[in-house]
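Here it is, the structure, as structure tokens.
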Amino acid sequence: MDVGFIGLGHMGRPMAANLVKAGHRVRVWNRSREKAADLLAAGAMLAANPAEAARAGVVITMLADDDAVRAVLEGEMGLAVGLPQDGLHISMSTISYELSQRLVRRHAEQGQKFVAAPVLGRPEAAQAAKLFVVAAGPDDQIDRAEPLLTALGQRLFRLGDEPPKANLVKLCSNFMLLAAVDSMVQAMTLAGKAGVEPSAFLEVVTGTVFDAPAYRTYGEIITHERFRPAAFGAPLALKDMRLTGAAAEELRAPMPFLGVVRDHLLQTIALDGESVDWSALALAVRRNAGV
Amino acid sequence: MDVGFIGLGHMGRPMAANLVKAGHRVRVWNRSREKAADLLAAGAMLAANPAEAARAGVVITMLADDDAVRAVLEGEMGLAVGLPQDGLHISMSTISYELSQRLVRRHAEQGQKFVAAPVLGRPEAAQAAKLFVVAAGPDDQIDRAEPLLTALGQRLFRLGDEPPKANLVKLCSNFMLLAAVDSMVQAMTLAGKAGVEPSAFLEVVTGTVFDAPAYRTYGEIITHERFRPAAFGAPLALKDMRLTGAAAEELRAPMPFLGVVRDHLLQTIALDGESVDWSALALAVRRNAGV
Amino acid sequence: MDVGFIGLGHMGRPMAANLVKAGHRVRVWNRSREKAADLLAAGAMLAANPAEAARAGVVITMLADDDAVRAVLEGEMGLAVGLPQDGLHISMSTISYELSQRLVRRHAEQGQKFVAAPVLGRPEAAQAAKLFVVAAGPDDQIDRAEPLLTALGQRLFRLGDEPPKANLVKLCSNFMLLAAVDSMVQAMTLAGKAGVEPSAFLEVVTGTVFDAPAYRTYGEIITHERFRPAAFGAPLALKDMRLTGAAAEELRAPMPFLGVVRDHLLQTIALDGESVDWSALALAVRRNAGV
Amino acid sequence: MDVGFIGLGHMGRPMAANLVKAGHRVRVWNRSREKAADLLAAGAMLAANPAEAARAGVVITMLADDDAVRAVLEGEMGLAVGLPQDGLHISMSTISYELSQRLVRRHAEQGQKFVAAPVLGRPEAAQAAKLFVVAAGPDDQIDRAEPLLTALGQRLFRLGDEPPKANLVKLCSNFMLLAAVDSMVQAMTLAGKAGVEPSAFLEVVTGTVFDAPAYRTYGEIITHERFRPAAFGAPLALKDMRLTGAAAEELRAPMPFLGVVRDHLLQTIALDGESVDWSALALAVRRNAGV
């Protein structure tokens, strides 16, 4: 399939590579071109601007935040200009519930199609094409996107025909992940002050009710304090929590754990710098207990 | 093995039955005798009082709270009087970190042995001998207890030779469970206000990073609002959170999620009564969002 | 003095009236003109657009939020176009820390002066010229603004020469007010469940350590449930808490009470509607206790 | 009046001295006798034990916590033995809601009278006889106690005839005080990170809506970091918050700020030791912001 791919960061690069590997004709674009080098060598083409990438008829965006999506969308050389009538924009970035609502309206105005398909998984999963894809949008458009989405992930979830729902579920999932890790760290810190070894603690919880990737993976990271380099930086996680909070505000839903994880992230960034992984919130929790 | 078993509640009854089934000679005692009927029919003997149960040389307690443990321990007909020199008390109840420390000293004064071996699992797991047992105490005493513990559970974790550590880890595990369910409900409620079906939401989260019994089991319970009869009542969960808070206070460890889950339990009990399952905290979260 | 006044809402109208009464020549502008009628009768002039109001050389803005300020600032007929070189913009609205930083840069680029002078007080205080004014900006510009500011308020605080500080202190003050009232309601609700009358409770706390306007005024409002019509609506308070949170995020400062008051506001709005006063968060607190 | 006075700590000593000064015949008792020296020199008599102090017919207790009250109450030489029929026990300590309920029953069983009359104020206020007294109990018994209570304080509040209400209101008042100071510190810390001086911040807030002793006194203490020696130690404040939490649990009332102040106290104690004033929770808040 001809497809444009916009955004070649930690996640976007391996994803675009998997599309090439699966035999799709991929036109890539990134704000800083040098990120595209490997992909071009592997067979991707370089688009001169977002509009040109979108001319492929189907275009994927995988960008850092709302501002980056807005920036590639608009303007004379923007995605919205290049995407043909009935062309499909697949937004895989973690963006706000609000922006997703706007994208629905924006593309509808121009007779374009829109699917939100954010992903769950860290860069390793992107590389291994083991992402989970949470898609929402018109059924026929998800069908159209499916050959691309299945080249990127191990499983595709369909959440109905309103794209913003997929973005919201992605934010909710990140919130639950941060809350899970935060609760684990609070518990480990308490047990630790009584002399219980982190590894012994983890063996019990992941061997019983919490036998889940979230607890296993982050239990390891935290026990060995592998907070740098960041797989998913604390400021990015903070941004996701802000977007979750904005959706909670719009939808009038209290979320009492949200303030706690947000504050732990703020503390972590204030004390350990902008470059740590979000799981370094463990350092904040421990410090607060005098550990 | 000869063993006394004190406490025939929701959990204790099936546990004692499994000991009988495994061929042990079990002397049971319970404050209200009628709970023992089935067990006697199955081959257990009735002890006239805790002291007599303890005379078996090894005695298990499985009681509702600290007060109940203190009540069977002391007095003329108490466990501490009946248990012989070098006799072993295996405390499987969810008791406070502080009481466990006292039991260590109390039994040491009398030349008796003490192992804490609280369990993870609901009554169904007790029945099926599928509990997880988290044990701490002198190694040789856990060895001594092992034939009993393995008759009750699917797996035995050893946490070293200080019994209170096992009680603390059990409390931590309950705290994590409540926090996990609370975070899931907060997220589901938010997504629900945007029109995402609970079942679709659960499929995504339990199909990805939260593929764990905690999320699956409680996701089901909450979606179908199966809060009565209580498998584990809200007031009991509140008690566990109080004990967790007491340990946190003693050990000087902040636990910011603790106040939140405690308040949700209080709200649930205030509005839905004392007899609901703790997972009914979902009702509090939903109500607060106007759902 | 010649002065433009933009924004004739609950607060702006009485403020503009006080400027007229003090003998200043006031050109008013408001998006919906009919709000200006009384002022014109009292001697104010009508400006055709924000630019014309700003041509007075000194212009005050008293608007509902950041968007409203941005809307009057920019465009062909905007404040920034009309304000002469060395003209002074006095921003009295409760705006974000971030927008205030932008206004500093924006006006500097055009050789204009900028003072932030947000106010503390409800509409009754605006009417009685009893507002407190918290000003920051270049000293000579605050001197220049002083005849206007003293016509509006009972006291002027000077916070140095960086305007955003005044906006931040105003947000902090609102945060403290919501936290104070929330804590009072939590305490009153607890005492109420033991049978302590709200009035008796208030007599003790306002008669001892909390002998302050914040507690007296809101104690009365809450005891008599005077939540409608709103003097300061819950959605506006929610906006202020969002701005406080945004500043906390930018400055990397955890604020654990913030999530709590925000959630109580959300719950209040979800259950009691958009039109209640923010102090109706008392209803949320009581409901959560089953009162 | 003949009166026994039990408990000669930071608060009790100046209180007993004020009773002597007012012309009452005071029999003092304290666990460690040397604390009584000054009082004996001033004209007080020494009681050999709590029972002897209570034989005065009216006895005041001013002790550190529930355990201390229980300890002087019971036993062969306890207050309950010495207090005659119709004798009056005035409990001025900050004790739990639950213990107050028990004292009601205990004294009723023996035909003795009971009034709870906890005080608000720091040791300086005790010295200056400027305490606030919050009393509850049978009206005629408060009348009986009044000559004593007015010798100790500047104002007497009456909260009806159920003593536990006075204890609960006292706990609520402490909770509100901690919450007020905590909110002020959170706000000052945020403003401080933007460069706002603490003194300038305090001038605004205490000059406007927060013109109350709570904010003035603690604003000063915090700005000048006068956390040692403790006027009211962090562990004692933590105890009060635990008692507040216990009452909230018994009465089924959520108190979301409670966990926050409790955690700040725990962090303060964990990092700054057991001997700091409770207002040192400011250090925790600042540290968490990287200040």
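Letters A, B, C and D mark the chains as written, and numbering starts fresh at 1 in each.
Keep this in mind: a contact is a pair of C-beta atoms (placed from the backbone, for glycine too) under 8 Å apart; a residue touches a chain by one contact, two chains touch by 3 or more.
Model, not experiment: these values are computed from the prediction.
Looking at the partners of chain A and chain D together, the chains they share are B, C. The chain with its Cα centroid farthest from the Cα centroid of chain D is A.
Interface comparison, B-D against A-B: more C-beta pairs in contact at A-B. Chain centres here are Cα averages; for chain B and chain C they lie 52 Å apart. Centroid to centroid, with C-alpha atoms defining each point, chain B and chain D lie 37 Å apart. One inter-chain figure worth recording: chain A and chain B are separated by 38 Å, centre to centre, where each centre is the mean of the chain's CA atoms.
Under the contact definition stated at the top, the residues of chain D that touch 2 or more other chains are 248, 252-256, 258, 260, 263, 266-267, 270, 288-290. Chain contact topology: the protein chains form a complete graph, every chain touching every other one. Touching chain B in their complex are the following residues of chain D: 238, 242, 245, 248-249, 252-256, 258-260, 262-264, 266-267, 269-270.
By the touch rule above, chain D contacts chain C in their complex via residues 97, 120, 132, 134, 155, 157, 159-160, 162, 164-165, 168-169, 172-173, 175-177, 179-180, 182-184, 186-191, 193-196, 200-201, 203-205, 207-215, 244, 247-248, 251-258, 260, 263, 285, 288-290. Of all the residues in chain B, the ones that touch chain C in their complex are 256, 263, 266-267, 270-271, 284, 287-290.
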